[in-house]
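Going in written order, the chains are labelled A, B, C and D, and every chain counts its residues from 1.
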Amino acid sequence: MSRPQKQRLEARGVAVAFGGIRALSGVDLEIWRGEVLGLIGPNGAGKTTMVNVLSGFQRPTSGSISLDGIDVSRLTARKIAQAGVGRSFQAARLFRAMTVEQNLSVAAIGSGLSRREARERALDILRWMGLERKADHRCDSLSYGDERRVSIARALALQPSFALLDEPASGMNDAECEALMEVISELPARFGCGVLLIEHNMKVIMGVCQRIHVLDGGQSLAEGSPQDIQKNPAVRRAYLGEKATDSTLAI
Amino acid sequence: MANIVQVLVDAIALGSLYALVALAIGLVFGVMRLVNFAQADYITIGAYALVVPTASVTPPLLLGALPAALMIGGVLFVVVVLALLTERVAFRPLRNSNPSTLLISSFAVSYFLQNLVMLIHTGRPKSVGIGQGLANAVEIGGVRVPGVQLLTMVVTAGLLVALVLFLKKTPLGIQMRAAAENFQMARLLGMPANRVIALAFAISGLLGGAVSLLLTIQTGTLDLRMGLMPVVYAFFATVIGGMGSLPGAALGGFLVGVASVLLQTYLPADLRPFRDAGVFMMVILILLVRPQGLIVTSAAKERV
Amino acid sequence: MKSVAVAASAAIALLLPVTSVQAEEPIKIGFAIAESGWLSNYDSAPFKAAVMKIEEINKAGGLLGRQIEYSVMDTKTEQARAASVGAQLVDGGVDMLVVSCDYDFGAPAALAAKQAGKIAFSLCAADPKMGVQGVGPLAFTANSAAQSEGIAIAEYGQKKMNLKSVYVLEDLTIEYNKSACAGFRAAWAAGGGEETILGNDTFKNDDPSIASQITRLKGLATQPDAVFVCSFTPGGASAVRQLRAAGIDLPILANTAMVDNYWLNAVPGLKDFYLPAFMSLYGDDPRPEMNTFLESHKARYGEPPVSSYSVLGYSLVEQWAYAVEQAKTTDSEAVVGVMNTFKDQPFTAGPTSFTDQLHIQVDRPWLIMKVENDSFRAVEVYRNSFKPDVKLLFRVGQ
Amino acid sequence: MKSDTMSFATIGRFWFPVLALVIPLAIIVVVTGQFGGLSIQRTVIEMLISIVIVVGLYVFVGNSGIISFGHATFMAIAAYASAWQTCCEMLKPITMSGLPPFLRDQSIPLLPSAVVSVLLAGGAAFLTGLVIMRLTGLAASISTLAVLFILNVVYSNWDSVTMGSASIVGLPTYVTAWLALGCAVVAIVVAYLYQVSAFGLAIRATREDEVAAAASGISLYWSRLIAFTLSGFMVGLGGVLQAHYLGTVSINSFFLSFTFLALAMLIVGGMGSLAGAVVGVVVITAMVDIFRRLEGGISIGGEQWSLPAGTQELIIAAFMLLILVFRKDGIMAGREMTLPEQEHREKGLING
C-alpha cells in the first residue's frame, strides 16, 4: 500500500496470555485513519482483549503496538488515550452521577481542553448526534439506547485519531441501529479518524466497514473487504461449523 | 547469643499475637470485603467479660472466677456471640456496599461498643489477676521465656493449624476459601452465603476471645483501648500481607510484630520513641512496592 | 447545667448577722471538669472532696459571711468542650473556676477564666505550665510538679533504701511521665552520679508487651539495685506484672499515678514496690489531719475516697478560701496577691508555697508508700531536698 | 444566550447550590448572635469551623471516593505551625527550645502566620500525596491511616519543638462567629468552584469509574493529587481556626476520635456532594448539642431529668449506622441543592 506510515494504529505479533490461557497469539492488525475496520469473530475469539491491548488496558505478553509509527506498547491507558486512541466499552461504563454533557467534557478535558472549551466540544458532538436535548440529564436517568450513544459520544469527545468501539449496537433496535450506522459511517470524514468496530450485528458490520478482520481462538483468521469475508470458507466454518450455508451469513 | 535468641523469641511472640488478630481481620475481609475495626472491641469486651459489669474500680470477678476451662469457654462464647451480633445487626444489611462504606460502618460499630463499655464499666482501667502462674518465665536452653510468650506462640500455632485444617478439610472451610477467592462465583455455585459469613465472624470472634485472654494474662489489666493497638497493627498487617489472603495476613502479622520488636531493640535510645513511625513507614513502603500486598490473591486484582 | 444551691440549714442562716447587702450574695465557684470520658475518673474524687470542703465552710458560717454556691459543667474530656463550658461558667459570674485534673484538658477552661480575669485552679495538674508561665498569673494547681515525685522517690531510694544503681523505664504516652522521669534522673544523678543510672528504656502505655525492654534490662552486664517505672495504669500495672513475671525481683520505684490499691489485682503478691503518695486511704497515715479527712469523707459519702488524689480537691478549696479570708474579698488580683505569699502554709494536703513565678508545689512532703500483702502501706513522710530549677520544671533540653 | 437577563439567570443557576448553603448559615449566625446564649453561640462557631474542615475533607474524599483517615494530620501541621508563630512568646524559648531562632524568639503577625500555616499544611498534603496517591482503593485509605499514626508518633515525641503530647496553651483567640462564617463561605465557594472545574470533573470521573476515566485520558494520580493537596490547604485552614478558637493545640485532638467524628459528619450528610458535607456537619452538631444538653440535665415539671453521661456518643454511632444501612449515600444522597426546575432537567423530566 502507498499510504504513509504515520497514519495508522498498528499491532504487530501481539500475544496475550492469562495464566495458562492464550487469549491472543501473534495477531497483526492495522487501522488507517479515514477507514472503518470491522473486528469480528465468535465469542471468546479475543476481540475485546485486542481492544484492551490497543487502548493500553492490557499489556501484551509479546508483540508491540505503534501509533503513527511510534511504539506505544509501554504507555499506560491514560497516555494512549491522550495520544489519540479513544474507546468505548461493552458495558457503557458512563459516569453515572454526572450529566451527559459532563461525561463528554471529561474526555475533552482528558485531551487537554479547558472546562469551557470542553463544554463547547461536548455540546457540538451532542448536537451532531442529535443528543443535545439530553445534555443536562444525569446518566443514571438515561434509556439504554441513549446510554450506548453517549458512550460513543464520549469516546469521540477525546477527538481521537482512532476510535475503538466495542459492540456499540448491542441491545439496540433496528431503528437505533440505522441511526448508529449513519453516525459511524460519518466518523472518518467528520473527525478524520480511523474506527475499529467490534460488532455482532453483521448488518452493521457489512454496512459501514471498508475492511474486516476476523479473529478466531485468539488468532487472525482472515482479513479483507466485506465481500471477501462473506465468501471466505474459513470464516464460515469458524462461525457456523461445517454445515455453513450462504444465507446465514448474508446481509 | 542467648540475647539474640531472646530477642527472636520476643519478636515471634509479639508477631504471633498480631498474626492472630490479623487472621481474624483477614478472614472477615475475605468473605465480605469488610475491614473490621470492631475487632478491637471484640478483644476489649472479651477481657471485660472476666469481671462483673459495674462502675466499681475493683470489680469482683465474673467469668474470671470460674475454673480455667469454663472461663476460657465463657470468654470465647461471649466474643463469638458479640461478633455474630454485630454481623447480624450492623454488617449484614450493608453486605453489598463498597469496602470504604463497610470500613466506615465498622468504625461506627467500634465507636458504639467502646462507648457502651465506658458507660457500663467507666473509663477507669481495672485489673484482673488471672493466669498468674502462666505468666511466669520458663527456662528453656538458657533462654528464659516468659510463660505468656510461650503460651501465645503455642496458641497461635495451634489455632493456625486448626484453621488450616478447617479450611482445607471441611466442606464449610472449602466454601469459605472459595468465597474469599470469588464471592459472587461461590454464591452462584450454591455456597450458603449467610452461613459462611456468619462462620467467618464466629471464627474472628474465637480468635478475638483468644487474644483477650492472652492479653489479659500478659498485662493483668483491663482498659477500654486495650484492643486498639493490636488491631491497628493487624490492620496494617493484613494490608501488607495481601488483602484477602489468609497466609498473607498471618505473614503480615509476624512481620509487623517482628519489626516492632527489632526497632525497639536496635534503635538508638534517642530514636526509640519513634519506633511506631518506623513500622508504619515500612507499611507504606511495602505498599508502594507491592500495592496488592506480599501475597496477591485474585480477589485483590481489579480487572477491566 | 447542674446548679446546686448549697445552703446551710435555715436555722444557722437566720442566726447569722447580716452585715451588708453584699453578704446576701453567695460566692460562686464553677467546676469545668470531666464528668464523662476517661478523665472523669481522675476528676471525680477530688471534686467530691472539694464539694465536701465547700459544705464544711458553709456549715461554719460561710466565707466572708457569705455562702458558697457551686455549679458543675461536663467537659466530656474534650478540649473544645472544656473551653466552652469554661467560658459559660465564667460568663455566669463565678468567682473562681476549678478546672480538670489534667493540664491539657484543664488549660482551655483556665484560659477562659484568664480572659475574664478570674482565678483558675486545677484539681491536680502536675504541670507547672498550669501557672504563671503557661496559662498565666491567675492559674494555679493544687498538685505538686510531676518532677517532684521523681525527685522524692529518687532521694528516698538513695538515702533511705541505700540503693546504689538504678534502671529507668519511661512511658512516653503522656508528658506527666516524662516529667516524673526527668525529675528522677536529675535527682538521682545529683545524689549518686550519672553513671549509676545503668540504662534508660522507653515504652508506650498501650504496648501489649514490653518483652524487648525486659530483654534489654536482663542483658545488662551488671544488674541495677532497682528499677524506676514512670508510668500510669493500665500500662504501668502491665509493665510491673511483666517485670515480675520475667523473674525480675528487684525493688521497683514508681511515681504517684500508680498509687492506690485498685490495680494490685494485676500483680498478686507484689512486694518491694515503692512510690510517693499524697496520703494513705488505708488508715495508717502518720499525719492525723489525713485521717480526719478520711473519716469526714466516709461520713459524708459513706465510703472512703476512690483515690488519694481526693485530698487535693479538698485542699484546693481550703487554700482559696483561706486567701479570700485574708484578702477580705474575692477579687482575683487581691486573692492571688495573698496566695503568692504562701510559704509552707499548713493545709490539709501539706505545707503549701506559691510565689509570683511558681503556682505549683516543688517540695511538699510526700508519704512514701510500699505494697505489702496486696495493699499499699504508709512507710514514712519524706521531703525532698533537691529542688527542681526552671529548666527541669519545663524540661528544657531534656 | 445573548441577552443580559438570560445570563443573569444562568449566573443565578450556577451559584444556587452555594447560595442555598451559605445563606442559611449566615441566618443562623445572625439569629444566634442576636438571640442565643453564649453556649449556643459557641456551638455555632464550632459548627462553622467543622464546616471548613469537613468541606475540606470532602474536596478529597467526596470527589475521589477514597476515604481518608489522614486529614487530621494536615490540620495538626497547620495548627502547630500557627502555634509556633503566634503563641506564648514568654514560654516559647523555654518549652520549644528546638524551634529555629526566628520563630523561637519572636511572634509573627496573625494574618501572615495563618497564611504560612495553611501553605504548610497544603505543602505537606502535596508531599504525602506524591507518595500515597500512587495507591488505589483500600491500600490508599490504609496508607492515610498510617500517615496519621506517623505524624502522631512524631509530634508526640518531638518534645523540643512540639512540647510532646502536652498542649500548647495560650494562642491568641481571635476566631469570632463572623470570621468562622467567612472562612466557611470561602471553603464552600472554593470547594464548589473546584468541583465544577476541569480538575473537579476529572476526579469525579475517576470516582465513578476509574477505567472509563483512564480511557478518557484522565490521570488518576494527578487528579487525586490535586484534590488531596487542595483539601490539605482547606483542612489546614480549619486547623488554624480551631487552634485560635480554643487557644490550645494538642496532638491528641488530631487523632482517631476526631477523625471518626469528621468522617461521620461527611458520611451522614452524604459524601457525594458539597451540600452533603455541610448538611452533615449541621445535623451532627445539632444532635451532639441536643444530647449533650440532655446529659447535662433538664427540668421537666420541676423534676431534674438527665441522660447518663456518654449516651450522646452511643446515639451518634447508632445514627451513623442507621444512615449507612437505610440511606447509604447520606441525607443528601450525592445531590447538590438545586432549583426544582434544574432537578427535573437532570432527571430528564424536562427536555432541552
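By definition in this document, a residue touches a chain if its C-beta (ideal position, glycine included) is under 8 Å from a C-beta of that chain, and two chains touch if they have at least 3 such contacts.
Everything numeric here is computed off the predicted structure, so don't read it as measured data.
Averaging Cα coordinates per chain and for the whole protein, the chain whose average falls nearest the overall one is D.
With respect to chain D, maximal separation of chain centres occurs for A (centres as means of Cα atoms). Chain centres here are Cα averages; for chain B and chain D they lie 32 Å apart.
In terms of their C-alpha centroids, the spacing between chain A and chain B amounts to 49 Å. Chain geometry summary: the mean Cα position of chain C and that of chain D are 37 Å apart.
Between the CA-based centres of chain A and chain C the separation comes to 76 Å, rounded to the whole angstrom. Counting partner chains per residue, chain A has residues 57 touching two or more of them. Taken residue by residue, chain D touches two or more other chains at 157, 211, 309-310, whereas all remaining positions touch fewer.
Looking at chain C, one finds that residues 36-37, 40, 172 touch two or more other chains.
Of all the residues in chain C, the ones that touch chain B in their complex are 36-41, 77, 172, 200-202, 204, 206-209, 211-216, 218-219, 233-235, 237-238, 241-242, 245-247, 261-269, 306. Residues 38-39, 42-43, 46, 88, 90-91, 94-95, 97, 156-157, 159-160, 163-167, 169-170, 173, 242, 245-248, 250, 252-253, 292, 295-297, 304, 309-310 of chain D are the ones touching chain C in the complex.
Those residues of chain A lying in contact with chain D across their complex are 55, 57, 76-78, 81-82, 86-87, 89, 93-99, 102-103, 105-107, 109-115, 118, 133-134, 136-138, 141-142, 154-155, 157-158.
Listing the residues of chain D that touch chain B in their complex gives 65-67, 131-132, 134-139, 141-143, 145-147, 149-150, 153-154, 157, 210-211, 257, 260, 263-264, 267, 308-311, 313-314, 316-318, 320-321, 324-325, 328. For chain D in complex with chain A, the residues that touch the partner chain are 196-198, 201-202, 204-205, 208-209, 211-220, 272, 334, 345-348, 351-352.
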